[in-house]
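Below: the structure, in structure tokens.
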Amino acid sequence: MIDEIVEVLTNDEVAEDFFLARLEAPHIAAHAQPGQFVNVEVSADVAPFLRMPLSVCAVHRQISCIDVLYQNMGPKSGQLSRCRVGEQLRCLGPLGKAFSPVPNTKRSVLVGGGIGVPPMIFLGSELVKKGAEVILLVGARSAAKHLGDSFFQVSATRLERATDDGSLGHHGLVTELLLRELATGACAVYTCGPHAMIEAVARACMASDVPCQVSLEEYMACGIGICVGCVVRVENADADNAYADYKRICVDGPVFDAREICWEH
Amino acid sequence: MDMSIELAGIALRNPVLLASGTCNYGRELQSLTDLSQLGGIVTKTITPLPRAGNRPQRIVETPAGMLNSIGLQNPGLDDFIADKWPFLQTLDTQVVVNIAGHSVEEFADMASRLRDLRGIAALEVNISCPNVRAGGESFASNARASADVIGAVRRAANQPVIAKLSPNVTDIGEIARAVEEAGADAVSLINTLVGMAIDVRRRRPLLGNITGGLSGPAIKPVALAMVWKVSQAVDIPVIGLGGICSALDAVEFLIAGASAVQVGTANFVNPNAGAEMVEGIRRYCEEFGIARVGDLVGSLQT
Amino acid sequence: MDMSIELAGIALRNPVLLASGTCNYGRELQSLTDLSQLGGIVTKTITPLPRAGNRPQRIVETPAGMLNSIGLQNPGLDDFIADKWPFLQTLDTQVVVNIAGHSVEEFADMASRLRDLRGIAALEVNISCPNVRAGGESFASNARASADVIGAVRRAANQPVIAKLSPNVTDIGEIARAVEEAGADAVSLINTLVGMAIDVRRRRPLLGNITGGLSGPAIKPVALAMVWKVSQAVDIPVIGLGGICSALDAVEFLIAGASAVQVGTANFVNPNAGAEMVEGIRRYCEEFGIARVGDLVGSLQT
Amino acid sequence: MIDEIVEVLTNDEVAEDFFLARLEAPHIAAHAQPGQFVNVEVSADVAPFLRMPLSVCAVHRQISCIDVLYQNMGPKSGQLSRCRVGEQLRCLGPLGKAFSPVPNTKRSVLVGGGIGVPPMIFLGSELVKKGAEVILLVGARSAAKHLGDSFFQVSATRLERATDDGSLGHHGLVTELLLRELATGACAVYTCGPHAMIEAVARACMASDVPCQVSLEEYMACGIGICVGCVVRVENADADNAYADYKRICVDGPVFDAREICWEH
């Protein structure tokens, strides 16, 4: 993990409010694993002040690049979307713990939603490379909010979509698609997206004893474990050690085993 | 160009330290910066027993700053001694240990239990947390309560004692004088300002703890005014912090009367901020023909 | 969508006023904004006699804010009545007159001399300036002194009295309760935070008066926390200000418990800020199905 | 005076750290007089926060444009220098009181230095149009800090330069050039630049009873008279009215008669 000065090679709107940026980042490209993220300084000025955490969406080792896929929803993402090709940014990474594919499982089911899709794209492509069967389930509010098939080409052996309004794929929740997959046979599940979706996926998997790894998000300041701000409550057996009630998502995660997380509340 | 500073008997390689709660217990920064380039680091507040801290959301950005409501999540004194200190001891920089408690006795206890730890440069006493006796009001908001804590720690400790002051008071000069009389060897300021942010869609506080502590560039002018005021109110050395991001920010604090500075929130944006600041201060001194960085301290012409 | 607010007997077209010292006496803004779109304006502090104010430099930008040391330069009460009021009287918006003095008597005097002025919506009492009796310490930093001033003004005035509170205190809730008991009809907060900036080349303060008042977005989280705290401490209405630049900033203050807001420093960046804010608040209420803007006040769910 | 949304037509570095920007500003172009200024919002974000006051350097009424000439010396000017052609900015103006050319004086001497040169360029061109004799004296630290002759073509009948290091024109202070002009005969003097220069010019003129108008600068927040921040101490006969000790440069100035200003301290 280093604080790399990266150059913006491309930065284009690829779907409604979604931007894809390619960054020349030799160190990060060489080491990033699916589920890991980077913390990008989108402006050298005092506002926006904090860096912007972004999941690695793809790595292109031969050209020393990584891709990040982000939604324009506020000051930081807005600033990043205005970055010009050729600009240089400080980019800290790769950060956090990656997914650790469950050994000898032929079938992997990936469930992604919203800004949780990028890490699924990266994970899917790595699993496909290893010759695994990868079912990628993607949920969004409407067809317009879905990324085009091209984004998933190398990331899944089968792609299924769900929309709340039925404008594309399954009319309903992506978790309903998951239940079908869980019913059809043994598999391992990996998920990232809105908290409600992740929780539903985790509970479904735990209910049917399917291994499930979740990638969580929380507001971050440092991304490297020094502010203790980005925490999630975890199951803590040791009543005498309240310190272990919360873990830092940026260093102990963002990927956790579903059973580690304290889902109530 | 002499960058060294002697402060309350502590010899600092240079006047730049990392602030408590913004460098945890040092480990995480190892690979991202060279801690031996710094004057020292101040470890995250430890309390007698482990603490869970506040429920999330604990962080939110604000204009030129951020709010935090970590709530002193820490492993407690035993784990600090057993697990954190052995590593800290190996660092080639001064290590200041920051402590807090809910009663005068808790503070004194911690100080005595830290006597045996070899190599602690100083204790920094975080009196900004609530005083259970006085119904949750913070020690730091009352001169008498602050003096009681510092006096007890001073008697129990065998290292220099630094009192860390809160800015959320009417007259920080009065508090500084009180802790000076109680035996503080130095004061550090400022801790965070109480602040709040609201999610207008859900009409709820953005922080799980409702309010939090404001830090970062936004508070720099407030911190600088208080450092100037306190450095005139007391004879003990002042350590300045609050929004320091650049070498020139640090120089402002030295000129205002701080003998050293601490870098806090800036570490989150640039984990190498402290080391870069040391270089920047050196360049400033060279450009303006200052032989000893100590000559800057309190050199404000008014 | 009902934007009107009734506050301490004052009927406001909407909850947005311009803050004292950031719209002078109204004239300059005439050509740049439509003052009749606003709930009202608060005129710059007037004192019994004309005041020169502080020597320049009086302004400097800081991260997401600014410092000012105007020093209450104002033409004095006679000129205000003779020259400023006739124009203010013609405005189709509520006009709150902000007053200050150096002693309880001065405050009371001004209030009685303003009795005869028809059309004053309310008096806002700026207790943040130094109390000559108490050796220059500001009235606002002491509950007793604050209550004395407000009580005297309340007795002398025939308009609603708004006490404008300083954030540079340990417990602003205590001050608010004191002025409520003394008869204040409302409180407004916050005034500026004490701050400082240093010119590192010349090693001098950037402001002629050494320290100044910090305002702008940087202080918004502090102001919001204090408005929330005070609105729980008192039963009289609270007017919130401090760093409000956008409609959503204003909405945060209303949700936190403010019955109205004041726009200060934002006027310097956008002289039409207040009017644009009124429209933005209206849009927010429509989007979230709020029928009366008053329904937002204190609607924070904790 | 209005808050106009202006478009950046050009924005180029024209000398060491000096940028020339042409702004399409119909209202301001139609009304701006020499000595007046605009207050430009260089960023919509909270930092830089305040607007940047800029003197009008030239107006091109036929194409509804104004030129501003600025030095890159900090956050605001840096931000402005990065503005791209086609970007739109809020620009408040024209602001302040203009120079009022002294009636029936054939000879005008203009003295400019540093960022005080732009208003002299504008004033000079207007006086030359009126057929007056215009002697423009420009001072700078070194030749590199001087603007090229092209900037002054239409603004003077005679241009003289001074440099502290003698690398161009007169070796010494621009005020020494002024003394020569004052000696050669009747004239009116107009000046803008560093405070020390302005004061020297004002004192020299007052000593030899030559009418002198100075354009002053002070740190500004609003630029329209509502903050009472940008003041200068003036001669105040009325001891009972301390309020009149200071005047606001943005509305009562920036142009003052030299005799109005309280020069001591």
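The first chain written gets the first letter, and so on, giving A, B, C and D; residue counts start at 1 in each chain.
Operating definition for what follows: contacts are C-beta pairs under 8 Å (C-beta built on N, C-alpha and C of every residue); 3 or more make two chains touch, one makes a residue touch a chain.
Model, not experiment: these values are computed from the prediction.
Common neighbours of chain A and chain D under the contact definition above: B, C. Compared with chain B, the chain whose C-alpha mean position is the greatest distance off is D. The interface with the greater number of C-beta contacts, when B-D is set against A-B, is A-B. Between the CA-based centres of chain A and chain C the separation comes to 47 Å, rounded to the whole angstrom. The distance from the centre of chain B to the centre of chain C, each centre being the mean of the chain's C-alpha atoms, comes to 34 Å.
Separating the centre of chain A from that of chain B, both taken as means of CA atoms, is a distance of 35 Å. Shown for chain B are the residues in touch with two or more other chains, namely 63-65, 216-217.
Shared interface positions of chain D, i.e. residues touching 2 or more other chains, are given as 46-48, 75.
Under the stated contact rule, the graph of chain-to-chain touches is complete, every pair of chains being in contact.
Looking at the complex, you find that chain B touches chain D at residues 63-64. The residues of chain B lying in touch with chain C in their complex are 62-65, 67, 141-142, 168-171, 193-198, 200-205, 210-211, 214, 216-222, 224-226, 228, 243, 248, 251-252, 255-256, 284, 288, 299-302. The part of chain A that touches chain C in the complex is made up of residues 46-47.
The residues of chain C lying in touch with chain D in their complex are 21-24, 28-29, 31-32, 44, 49-53, 55-61, 63-66, 68, 70, 73-76, 79, 216-217, 245, 265, 267-272. Residue ranges of chain A in contact with chain D, taken from their complex: 45-48, 75.
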